[in-house]
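Listed below are the structures to be examined.
The same chain A turns up in both complexes below, where it pairs with chain B and then with chain C.
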Partner chain A sequence: MRLVVDLNRCQGYAQCAFLAPDVFAMHGEESLLYNPHAEEAQREQVLRAATACPVQAILVEDTDEAPATMGEGLSGVR
Partner chain B sequence: MTQEMLLRQIIDYANRADPYPLYTELRKKPVRQEGDELFVVSTYWEIKSLLHDPRISSDARNLSPGAAGTLLQEEEDSPLPPAFLRLDPPEHDRLRRMAMRPFGPPETPRRVYNMRGELARIVDDLIDGFGDRKEVDIVDDFSYPFPVTVICRLLGIPREDEARFHSWADIIAAGLDPDPGGDPGEQRRATHEARTELGMYLSGLIDERSGAPGDDMLSALVTQQGPDGQMSRMEVLSTAALLLIAGHETTVNLITNGTLTLLRNPDVLERLRNDSRLAVPLVEELLRFEPPVQLLPQRTTLADIDIAGTTIPEGASVWLVLAAGNRDPQRFPDPDRFDPDRPDIQHLGFGSGIHNCFGAPLARLEAQLALTALAHRLDGPRLLDDPPPYRQNAVLRGPRHLNIAFDGLRS
Partner chain C sequence: MSGDGALERLRREGRIVIVGASLAGLRAAETLRKEGFTGSLTLIGDEPHEPYDRPPLSKQVLLGHASADRTELPRRHGLDAQWRLGVAAAGLDMAAGRVRLDDGDEVEYDRLLITTGVRARPWPHPAEAELDGVFVLRTRDDAARLQRRLAASPRRVLVIGAGFTGSEIASACRERGLPVTVAERGAAPLVGALGGVIGQVAAELQRAHGVDLRCGIMVTGLEGDSAGRLRRAHLSDGTSIDTDVAVVSLGATRNTEWLAGSGLGAGPRGIACDAGCRAFDVRGIVTDDIFVAGDVARSPHALFGYQFLSLEHWGNAVAQAATAAHNMISSSSERRPHLWVPAFWSSQFGVNIKSVGVPSLGEEVIVAQGSLADHRFTGVYGYQGRVIAAVSFDQTKWLEFYQRQIESGAPFPPEYSSVDRRTEGLRPVPADFPDPSLPTHGPTVTVSGYSPTDQRITFTPGRG
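Our next item is the complex of A and B:
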């Protein structure tokens, strides 16, 4: 599944890193790292994280058609 | 209706079951002056902007003499120093960061996540405990014991001591009420005594854990050595007391308010029963619709602040009525409707800005699990009293009892 975090919006509330720690990780207090191609098995946790985000910065693709691809590393240092 | 009367009515216990029409009145003037030194803010954007304004302080020592000692006196001569809830940067940041180290990211990202299984077990055990009964009190039998057990385990309070904890926490939380009812002197004395006893108890536990640390948060607070150094003993004490009280009083109300709201909206309950994924947006909407912390009465201004055509002078007491902001029609369409399908739900239920709820991820998880389990396991649940009897407290608002009947339990 694909997802994008709007890092201009992100304010480091870290709710996603609590709720989906396999996909989102805090680097220090304010920088967020995340996997933009999370495994499909993470969908439920990712949706929890997206819903809980206080600034609604997490965009998740709607369909689950694309098979999960891993190994593209983390992205999103700010 | 005069302004003065409006605030009185909100605090008045007679309006506890439904304060929302009063909040609608309140929002007609976004920033209301009440007497010389108290300002009440009730609209979404004004609250949000003040929550993100560094000229707003949470430290009671910044109140002017006239504003201090008016309505909230609970922490005057407290035996414990203020915890990060009642501090400003940089002290707030340092202590909150140190409290976060053993609780969440970046250092401990999986503490809450890994509790999911245990949380689900506690919930199921409590529902099993309903036994053959066809009527229960959701507060006493479910939504109180659940988060309280969780916070005690998280902190590492021995099970045999949990009951003593409950009584201290109850007394201290009652002290946070602007109008606790009864004799205010007696109330303050009781609160002071409970804080002292809690402090002494925690102090003994800290001695124990510093010698033989466990995997619990209290041990971590006592022993941690990080970039911020170590917490002093008094800092550990007040941080632990804060987490304990916050963990007691707020999630209880979130779960109880959620049960009440679901039973008032049987179509949503039915949907949750068929699809547990609904629990996630449902809890967010609940935090908007019936927030467990209705208002923040403990902020003050560090400078004169111009907002919504009013100047709040330096040192004034500022009340931010989160529950009124959450129903602001300028922010949320059809705000008095409970609608878990809202596409846009940036509620104020956990506050916002630097003091945003420390335990939010845990509270979310607890409420999601608790409400899903009730929806799945109760057959034909219905309210026995609507509205139910409420607690006295206008700030930490929630039912004291929630008596329900049902036809049986599903496995």
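Our next item is the complex of A and C:
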């Protein structure tokens, strides 16, 4: 599952690192490093982290809109 | 376009083409659909990949915590778009409303959005740039190649240029235990973005983490062995460094060459547009059907004396793309200005560096909170007696306050007492930028409101 964190918003509360430690980790006192492509098994934890983020900086792909059909080729329609 | 009927037709069945399929292009496409555009939408991208996020490439990816080919951006809305990936735009016919692709195809538009961004500035000597071991870092393919090479434990990595990307690369290499030399032409790392006072802190951070930092130095040549592999770099002080990896981090070049001769106001400094993201043509007349957003755009900002700002910032791409997309399908009275307050972040050597405003406009800087010596502080920049920017090292929590100060044109130096003010922060010092912008005297402007929809411009007469 894809995710992105708006690190302009992020203030290092580290809620995500507690709730989904396999995806989000603090690096130093304040920097957040995360895996932009979390394992599907992490979905529940990631969604919990996104919900808990005090500044709502975590954006997770909406599963219903997942672009699974997008072609690998040079062009595609979806 | 004239009258509401034409606008309604555009929103219902118009043809919108977006050239540039990265962060700005994707977010613009999402905004168009969210705001009810139901016509045809085409995204053209020169890379064969769907839109992906670049900031992780110089951090998580180089550290091996994330994979270079798995940073695709999440989607928030169904796009129902035609994707033309792996094919670059090659030309623009403004009169006919047509984009020419480098495979010879042509795509017609009623509204065009240009989000072609920038590319890494290559090493200036082509033969040396071809050496095995010479890298740049901009795309995910660049990151994959560099990550593979770092994983093979090179003897030493030379980073050429200590801007944000170069510094982040050096940080990742040190964290991987690799010997690193950083060669920076200026007096300190980050000096162009944050000035010499803060740059000295960045220099201390690098040295404290074992970087062989050499400032005031240029790399004059890269030397290969008989097999075409990099083995040595020559420096302007006459010394040389044995290295098998060099990462060229000399900033970016705007992707505007495809617009040469089109009549659009595009050049090496980007594409000029108005605050509503409409591109200027070469006559200085604003177009009504071509819009620009992201790194490639230069637009006047009311908060900063209407100077045209080019901002290679993630957040700028997001905000400007949303504004451009909204304006593309709105009547002139509903259009919004792009009044985003510049902000960026960098993570290096375990420190979170964040900034708001435009530090490079700053004449003076004051350490409002914390201490430079602790590498934990908030620096506030002043310009013509106003707060113009702030930077924090591991003090993110204070930045929002200073953003409000910037937006309201608060006086500099700050007149209030702040938490954790130290003796070194009692007096502003010259910010020490290498090439300070020349200030212009004019009316000052402040921005009020918190969401793009209710931002207003309030004029304040110039203070003489």
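Convention: the second predicted complex is superposed on the first by the 63 of 78 C-alpha atoms of A that agree within 3 Å, B and C clash if a C-alpha of one lies under 4 Å from a C-alpha of the other, contacts with A are read in each partner's own complex, and residues count from 1 in each chain.
In the analysis below, a residue touches a chain if its C-beta (ideal position, glycine included) is under 8 Å from a C-beta of that chain, and two chains touch if they have at least 3 such contacts.
Here the structure is a predicted model, which is why all the values come from computation and not from measurement.
**Q** Of the two partners chain B and chain C, indicate the one touching more residues belonging to chain A.
**A** Partner with more touched residues of chain A: C.
**Q** For A:H37 in the superposed arrangement: first (chain B), second (chain C), both or neither?
**A** A:H37: touches chain C, not chain B.
**Q** For A:E61, select first, second, both or neither according to whether it touches chain B, chain C, the two together, or no partner.
**A** second
**Q** Applying the touch criterion given at the start, work out whether A:L47 contacts chain B, chain C, both or neither, answering first, second, both or neither.
**A** first
**Q** Does chain B (first) or chain C (second) touch A:G28, or do both, or does neither?
**A** A:G28: touches chain B and chain C.
**Q** Scan A:L7 for contacts with chain B and chain C and give back first, second, both or neither.
**A** In the superposition, A:L7 contacts chain C only.
**Q** Common interface residues of chain A with chain B and chain C?
**A** Chain A residues touching both partners: 25, 27-29.
**Q** Under the stated contact criterion, what part of chain C meets chain A in this complex?
**A** By the definition above, chain C touches chain A via 48, 50, 53, 55-56, 59-60, 63, 65-67, 70-87, 314-315, 318, 343-345, 347, 349-352, 354, 376, 394, 396-397.
**Q** Provide the residue numbers of chain A that touch chain C in the complex, in ascending order.
**A** 2-4, 6-8, 10-12, 25, 27-37, 59-62, 65-67, 70-71, 74-78
**Q** In their complex, what parts of chain B are in touch with chain A?
**A** Answer in residue numbers: 97, 104-106, 109-110, 112-113, 277, 280-281, 284, 344-346, 350, 352, 356, 360-361, 364-365.
**Q** Mind listing the chain A positions that touch chain B in their complex?
**A** Chain A residues touching chain B: 13-15, 17-19, 21, 25-29, 44, 47-48, 51-52, 54-56.
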